Each structure stands twice: as structure tokens, then as C-alpha cells.
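Both complexes shown next keep chain A, but they swap its partner, so chain B is in the first and chain C is in the second.
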Partner chain A sequence: MMELIAVLLLLVFLSMGFAGAALADGMLPALIAGQARSSWRRPIAEAARLLTTQRIRTEAPDALLWFLAPTLYLALAIVGLAVIPFGPGLVTIPSEVGIVVWGSCEALTIVAVFMFGWSANAPLPLIGAYRYVAIALPAMLLSMFVLIGAALPAESLAFTEIVEAQRTVWNVVRQPAGLILFLMLGLAISLRGPFDYAGPEDLAGGTTADVSGPSLLAWKVARLAMLVSVSAVTATAFLGGYLGPLLPGFVWLALKTALVLIALVAAGNFFARMPPARMMGVIWTMLLPLSFLMLLAVGTELLLWG
Partner chain B sequence: MAVSALSRWAREAPVPVFVAIGDGMRERVERLFCDPGIERAATPRHAAILLIAGRMRLEDREDLRRLHDQMPHPRATLLWDAKVGEALGDAEIFSGGTLESDKDAGEAVRDHLERLWQDLASGERPSEPDLLHDEPPNPWEGIGPHGQGGKGMMGGTPYGRPMAMTSDDLRDGLALDTYTARFGPFLPMFPPGLLLEMTLQGDVIQAAKVLRPPLSQKAEENAPAALSRLARLLDLLGLPALGQRTRLAVAGDRSSSTLEKLGRAIRWSGAMLAIPPGLGAVEGQGDLSARLNDLLAVAGGSSPATRPELPESAHLSSLLPGLEWSEAMLVLNSFDDKTLSMLAMVMDEPDEERDGHDHDGDHMRHDHGGHHDHGGSHHEHGRHQGEGGQGGHGDYGSHQGHDPHGSHGGHT
Partner chain C sequence: MGLTDLLFLALSAIAIVSGWRVFATDSMVRASFLLLLSFVAVGLIIVMLAAPYIGVATIFMMAVEMMVMALFMVMFMMNPAGLNPMMMVHQHRFSIAAGVLAFAGLTATILFTSFPEIPVDPAAPIVHDLGIELLGPSMLIFETAGVTLLATMIGSVILSSRSGRFGMADQGSRPPGLELDGEPAGRQPEAGGGHHHHHH
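After this line comes the complex of A and B, so read on.
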């Protein structure tokens, strides 16, 4: 019974989050550019345009993978969201190892993006694809350390336990740098701004450079769904998830998710992207050691005072 | 019913335009995209309207036709003061000659684009058919044990398409796949008109050769020109919103308070930190971050810096190799038009031209006849084999010096 409610809540959460993400994604850049505020109708109009546009086939594409990549990406976003509790006991997939499930969604996202860039059988998409693999792999590695830091106080890998362990203090207080690192992962996994190495301007759209019409729409939908998903995971792992006074847990989670989502969209437009080699150096030599330090700090704290 | 509802919605969408910029039109085209109702598509695959702005060279026409065929249906073409003869079939023509000012012309073009899109989306205007024949540039002519062309399973040019082949990396000598292809002349992140033949290993450029120089823009180096260049660099740095803000400043309000706020936002974005020190250094011109700093100073109110003349030896063919793709794109866009045209002069190499040698001749040699024009759209439905769908880069590896129109009898 609880699971059925959770499934319904998941659908509501995803569609609300998706609509919000599409709006934020359309409006924030215009706001930053100082341009006229765009209408709420615009994302729908663009979707309609893509639906009425021809789907292009390149020469000798890997048609199956090309079709499957957006599907896989979207599925990963939904599975990732399914292990998030919307309230005490209200979780679609009650998993003892929620963090591991989410971690595999992260890792498989790399596969989905690579498949997408690979299958067009064209150079610029392919460059975008392997460039993304090179950057996303260490980015996801460090997110795992950060998440273990979040799991330590709960002494459990389940998201429900992690939320309950935050009744005394939210994880963002325990490891503030962890939240920043996890937001970086959020940018990487939803292909945005400073971590969008798959489809950037300098590759003329990279992985999407040879994609048109409905396929492009599917990819954009999956990207936004993943943005919702990663925002919800961030809110759960660092901002206490459904915990909060007065309002029902679901509403608190939605509010916190919206906050993270807007922060991610804004960060995607505010911060510059480094050339990939430089970014690689930064991740391996600065951010990864930082995530180790955070883990060490949380561990020490729990040993001494936990 | 459902279809008509869709198309009603679609008509409200911003007009997706892919633009090929010709002689001296870049400034005007960039002003056009300040309008939120018009969207600059990153590739022809995302566009519905091909805008050809300004005079084109004779040899660019083939690339324009290929670009046209790479666009998905429904599609239309608008020629804006473009003298391309009949090369684009019966495209819409807009001539701004009768209008008073640039600004009026821009507005007229915008209206024209919007009207075209309305007609396309509602189905009143039929989509344009392919201009090129849909066939491989040459039949399967592979050699080797599996008919693929080169050695082992790699290399060669089956169907006239060059395949990757292992070769040593410039930086560490690791043997990885190299791939030679033509990029340009209307790639959106390239200076308009520039056609490069590059050998890539992954995304590292191993060799670069200028085949066609960039089309000349208004070479005058003033504050608007510098700001436009800044906007292009911001786009490449993943800051399109700030880039757009810069373009809006160029088009309209260039008051010091606007520019000051803009400069602050750019500094806070970490753009300067993002650029590796020493990248793209040219004697007398400084490195990329020095040039970006100059542009930021212009945004801060000082007049554009004048740099000393380029040394004779400076050329893209020596500047680009060793750089990664995204670094190379930043470097390409960091020079003013005059400097760039000197850096991108076509080097006279008559021998190479005649024999069709590649500069690194041991791979990518075309062993079978000269007549492959690996165009972007000789295949059904603009199927294409190209580098990301951008203009003209389709004919990679084809030999210089033979008639590019030879391999297919176009419609015109």
C-alpha cells in the first residue's frame, strides 16, 4: 500500500519537477542575459517544434544504441529517484543499499552519454562522448566518497536511514564542501554549464550535433529528468530530505529539491568551463583529495564524539 | 486534429536558424540574434531555416548546398544579400539594398525569418527538397583483407570516407588513432569562411592546414568589435547567457554601468581561471588570457589595445597543433579579424596541391582516384558522414584541385 502511494508520489514529483526544471532552464539564462522574460509557453512550443521535425539518420549509425541512449538516460533518472524516500517509509523501491543503486545510476549515465555520442558515426559527437567519459568518471568517483561521508553517520547505505540520521544535524553542516562537490556531480550528470563536456558550443552541440527532431527532444527530456533526480538526491543526502516542521514531508522534499535545482541551473550559467585537460587536473589533484579529507573529517568526528 | 494542435504550438517556438556568414556580415548577423524570437542553431540538424548572409566565394557554394541538405524537414532557405546564383535552388531572397539603415535591414530580415517559419510550421510552405544527389561519392573501393581500405582493420578510405589509423601522438608518442578531416567553412565556432584540414588524435590537433581563409569582415578594430569577440569567447567558455548579455550591450545600451556589471559577472564566472596560462601565445600578441584581459578592459571602458605586428612565421598551421579541440577553438576566436586573416593565410604549396598529398602522408593517403567528394548529403535524407553536421566539412579528404562539383551533377 505504502509502495503504491510512493509510486504515485514519484510520478507527481517527477512531472512537477520536470515542469519546474523546464521553466527554470528557459527563464534563468534570459534573466542573466538581461533579456525579456520568456513565456511559460516557450518550452512547450519548442517541444512541439521538435516533434514535427524530421528525425535524421546519419550514414551507417548505430541505430539501436542511438535509440536506446535517451531511453537509458531517462530510465536511470527515474530509478535514481525511486530510491528516495518521500516521507517516513514512503519510498518506491525500499532498498537497504539506496546509495549503491544511485551510484550505479551515476555510473551508467556515462554509458548512456557515450552511447549517444558514439552512435551518430560522426567525429564531433564522438569527441564529445569520450571527452565526457574522461571528465565524468573522476567526477562520479568523488561523488561516491562524498556519499559515503553522508552514509557514515547513519551507519547505513539506505537513504531512509540517512534521512533519519539527519534529525539532529543536517549533513551539509557535517561536510559543507561535500555539498559543493555533489553539486558539481549534479552539473556533470545532467550535462550542464561548467561540466557539460558532452554537448558544448565548441563542438557545435557535441553528442547532439547530428540529432534532430524527436530524438533531440527525448534527449532533452532525459537531461531535465536527471536534473530533477540529482536535485532530489542532493536534498535527501545533505539537506535532510523530507524532514521539516509543520508541512508534510513530501512538500519539504519538493521545496528543498526546487532550491537545489535552481542553484544547479544558475551555476550552470554562471561559471565558466575549463578546457577538459585542465578540468581533469583539477578533479584528480584537487577535488578528489578534498573529498578524501571530508570523509576523514566525518569519520574522525564520529569516532571521537559519535 | 492532434497534428494541427502540434503545429499551432510549433509556430510559437523561436525560429531556429542556422546561419552561414559571408563577406562583412558577421556584425549584422550577430545583432539579428539579439532577438529572443530567433535562435541560433548550433548545427543544421537543429535548424529549420538556413540563412545565408552576405557574398560567398564560388567554392563555398558546394558547401552551402551540402549544408542545406543536412537540415531536417521542414526546412527553408533565406538569402540575405547573398550572391550565390542558382546554387541554392529557388530559395527566398532578401535584398537589403533598398533600405535606409542596417537596423531597418535587420528588422526586415527578422520579420522575413519569422514569416518563413510561420509558413513552414503551418504547412503552407512546402519543405525544400534535397539539392544534391543522394549517393556515396564513390563506390566501395576498399583494399586489405576485409576490403576496408588500409592496414588490418583500420585506415583507408572506403566509399571515399577516410578512416582512422594509428599514429604517434605529438605529446607523448603513444600510438593512437589519427583522423584527418576538413572542418569548415561554416562551422559556427569557426571564423566564417575558414576551412581547415586537420589531423586529429582524439581531440588533440596533430596537424592543421588552411585550405580557405576566413571571409573578410569589417576589419576596423573598435569597441563593438572587441565586445563581439568577447561574446564569442564567452560562448565557447560555456557562458552563453553572459555572451548574449554582451551582444545585447553591443547592440544597444553600452553605458558604463552596464558594462561594469557585465565585467564583474565575467570575472566572477572564473573565466580567467579557466584558461590555462600560456595557451595560444603568439609573439607580440600575448597568450589567450592576455588577449581576454584586453577584451575585458574594453568592457571596462578603455579603448582597444593595439598590439605590435605579427612575426612573419606566425601561422595557424604552427599555432594549432598540440592543442586540444576546445583550446584551439578559444585560440581561433581570440584574434581580431586583421590578425586572424594574417594567421590564416593559405600557404602556397603547389606540389601538395597537385599531387593531393596529405601533409602527413603515411596515413590517409587516397589510393584510389581523385574523384571523391565526401559530401555531407549524398545520401538518402541528407544522411551524412560528417563532423557534426556543420557546413561544408563534409568533403574531408577530398583532393584539392579537382572540381568539387564533379562527382555529382547538381540540379542547377
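After this line comes the complex of A and C, so read on.
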């Protein structure tokens, strides 16, 4: 019974989150640029335009993988959401290794993006795909270290336990830098802003350079779904998930997810992308040691005062 | 036959068929993805065997591993994109012998081992117990494997770095010859021309 309710809540959460993500993605850039009159109809119009645009194909693509990549990406976003509790005991897949399931979703997302770029059999998508793998793999590594830091106080790998352990203090207080590092991963796996090395402008679209029409729409839909998913995971692991006074847990989770989502979309607009080689250096020599330090700090704190 | 049996049979079929296709496909990248699919199916079977951490971690690790394999192809292979058809099997006689031996050995093991039939207690703290085992009695094995993997990684980075096994990376690469030890294929750069300066 609880699982059935959780499935229904998952559908509501995903559709609401998706609508919100599409709106934020469409309207925030205009708002940041100072144009107050950006229309909420723009994302819908854009989707309608893509549905009617001509499809193009490259020479000898791997048609099956090219078709499957957006589906896999969307499926991973949904699986990621399914391990998140919407309230005490309200979780679609009650897994005791929730953060490992989420880690697999992150890793397979990188595979999906690579698949999408590689199977086009064209230079720009291929460069975008390889470049993305090189940046996203270490970004995923640091996200796993900060997630272990979030799991340590709960002494469990399950998201339900991680939320309950935050009744005293939210994980963002324990490891503020961990939240920032996790948001960076969020940018990387939802392919946006400073961490989007797959489909950026300097490669004339990269992985999406030779995709048009409904296929491009499917890819964009999957990207936004992953944005919702990673925002919800951030809210659950660092901001106390469904915990909060007065309002029901589901509403609290939705509000926190919305906050993270807007922060991610805004960050995608405010921060510029570094050259890939420099970003590699930053991740391996600065961010990864920082994530070790966060893990060490949480461990020391729990040993001494836990 | 219950739903669990059907699920097990379906996952086994996926694991076996995709595992076979790894050797029948003609591209490195497709082979990696098929192997990944096979491992995902095996990982889900392990989850069904009430070992959630090992099963999900298998999927997680294999996803990363196959991706790293694709990345390493760029560093080591002559056909980095992997879309050009290539022969994926070699050393046929040796492989056939090794395959037959491994199959016979594993089959014998399965047939002559008496597997435990004790169902796992649903309330048992499986993940917790595994953690205690890995970082307690099995710590030495675990850490030895970890250090070995680290050494392998450092070795491969050195091989692919600037002063790698094909000489300095910034001195330009020579394409392989059309015959064994032959002249490099393709157009030859003109001596002293372009932006390439020689200082003697």
C-alpha cells in the first residue's frame, strides 16, 4: 500500500518537477539578463517546434544506441528519484543501499551521454562525448566521497536512514563544501553550464550537433528529468529531505528540490566553462582532495562527539 | 514457476546472450557496452540473491569500468573512435582451449558442489555484516587488491602520458605502416616546411 502511494507520489513529483525545470530553464536566463517579460509558453513552443522539425541522420550511425541513449538517460533519472523517500516509509524502491543505486545512476548517465555522442559517427559529437567522460568521471568520484560523508552520521547507505539522521543537524552544516561539490556533479550529469562538456557551443552542439527534431526533444526532456532527480537527491542528502515543521513531508521535499533546481539553473547561467584541460587539473588537484578533507572532517567529528 | 523464476531466467538469458555478442561484434565500444549489459544482468541476479550491496556495486563499478575502457581506447588504440569494423577475437586455438577448459571446470564445480539452501533471514543486517567482514577479517585481501589496482592505474597513466611508450607526445605521431615495419601510411610532411622548425 505504502509503495503504491509512493509510486503515485513519484509520478506527481516527476511531472511537477519537470514542468518547473522546463519553466526555470526557459525563464531564468531572460530574468538574469534583465528581461522581465519572459513567457511561460516559451518551453512549450520550443517543444512543439522540435516535434515538427525535420530529422537528420549522419553517415552510418549506430542507430540502435542513438535511439536508446535518451531512453536510458530518462530511465536513470526515474530510478534515481525512486530511491528517494517522500515521507517516513514512503519510498518507491526501499533499498538499503540507496546511495549506491544513485551512484550507479550517475555512472550509467555518463555511459548514456557517451553512447549518444559516439553512436552518431560524426566528429563533433564524438569529441563532445570523450571530453564529457574525461570530466564527468572524476566529478562523479567526488560526489561519491561527499555522499559517503552524508551516509556516515546515519551509519547506513539507505536514503531513509540518511534523512532520519538529519533530525538533529542537516548534512549541509556538517559538510557545507560537500553540498557545493555535489551541486557541481548535478551540473555535470544534467549537462549544464560550467560542467557541460558534452554539448556546448564551442563544439557547435557537441553530442547534439547532428541531432534534430523529436530526437533532440527526447534528449532535452531526459536532461530536465535528470535535473529534477539530482536536485531531489541533493535536497535529501544535504538539506534534510522531507523533514520540516507543519507542512507534509512531500511538500517540504518539493520546496527544497525547487530551491536546489533554481540554484543549479542559475549557476548554469552565471558561471562560465573552463577549458577542459584546466578543469581536469582543478578537479583532480583541488576538488578531489577537498572531498577527502570533508570525509575526514565528518569522520573525526563522529569519532570524537558522535 | 513464479515471478522470481521468470525474472531470473530473463536476466540469465540477457547475461548469456550479451556476453556471447561481446565476441561477435566488430567494434571495441559496442563490445564494452555489451559486456556492461551482461554485467548489469548479473548484478541484478546478485541483488535477487539477497546481496544488495554486492549486486548494485557490481553495476556501479562495471559502468565506470567500461567507460574508462572506452576512454583508454583513445590513449592506446590506432582506431580510437571504435566505429570502424575490426576483428574482436584473436589467438583462436588458445582461446578455444581456454574456453572449453573453463566451461568444463565451472560446470564440474557447479555439479559437484553442495550449495547451501538456507534462505537469508529478511531481518538480517546483510550490508552491515558485509562491511564488518570487508574491513575486519578480510581487510588484508581487500587492501592488497586496492593497492594493486592503484599501481595498475598509475602504470597506465605513465604509459599514456607525454613521455609515453610511443615517445614524446608533442613530437608528433607516426601512423603505422601499411606493411609490417614499412613506411608510415598517408601523406608525409615536407622537410622543414610549415611551422615545424628544426634546430641542429
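The rule is short, and it goes like this: the second predicted complex is superposed on the first by the 305 of 306 C-alpha atoms of A that agree within 3 Å, B and C clash if a C-alpha of one lies under 4 Å from a C-alpha of the other, contacts with A are read in each partner's own complex, and residues count from 1 in each chain.
Note that in this section contacts are C-beta pairs under 8 Å (C-beta built on N, C-alpha and C of every residue); 3 or more make two chains touch, one makes a residue touch a chain.
Model, not experiment: these values are computed from the prediction.
In the superposed model, A:S104 lies in contact with chain C only, and not with chain B. Contacts of A:P125 after superposition on the shared chain: chain B is touched, whereas chain C is not.
In the superposition on chain A, A:L157 contacts chain C only, with no contact to chain B. When both complexes are overlaid on chain A, the residue A:F270 reaches chain B alone and has no touch with chain C. Look at A:R278: by the touch rule set out above, it reaches chain B but stays clear of chain C.
Within the superposed three-chain arrangement, the count of touched residues of chain A is higher for B, of the candidates chain B and chain C. In the superposed model, A:R57 makes contact with chain B only, not with chain C.
With the contact threshold set out at the top, residues 60, 121, 130 of chain A are in contact with chain B in one structure and with chain C in the other.
Within the complex formed with chain A, the residues of chain C that make contact are 29-30, 33, 36, 52-53, 56-57, 59-60, 63-64, 66-68, 70-71, 74, 81-83, 126-127. Remark: chain B residues 3, 6-14, 16, 36, 42-43, 45-46, 48, 70, 72-74, 121, 161, 179, 181, 187-189, 200, 202-203, 235-242, 244-245, 248, 265, 268-271, 273-276, 279, 324-327, 329-330, 379-390 touch chain A in the complex.
Taken in their complex, chain A has these residues touching chain B: 28-30, 32-36, 38, 41-42, 44-49, 51-60, 121-125, 127, 130-131, 193-194, 196, 200-206, 208-213, 216, 269-278.
Here chain A touches chain C in the complex through residues 60, 62, 65, 95-97, 100-101, 103-104, 107-108, 110-111, 114-115, 118, 121, 126, 130, 133-134, 137, 140, 156-157, going by the rule given at the top.
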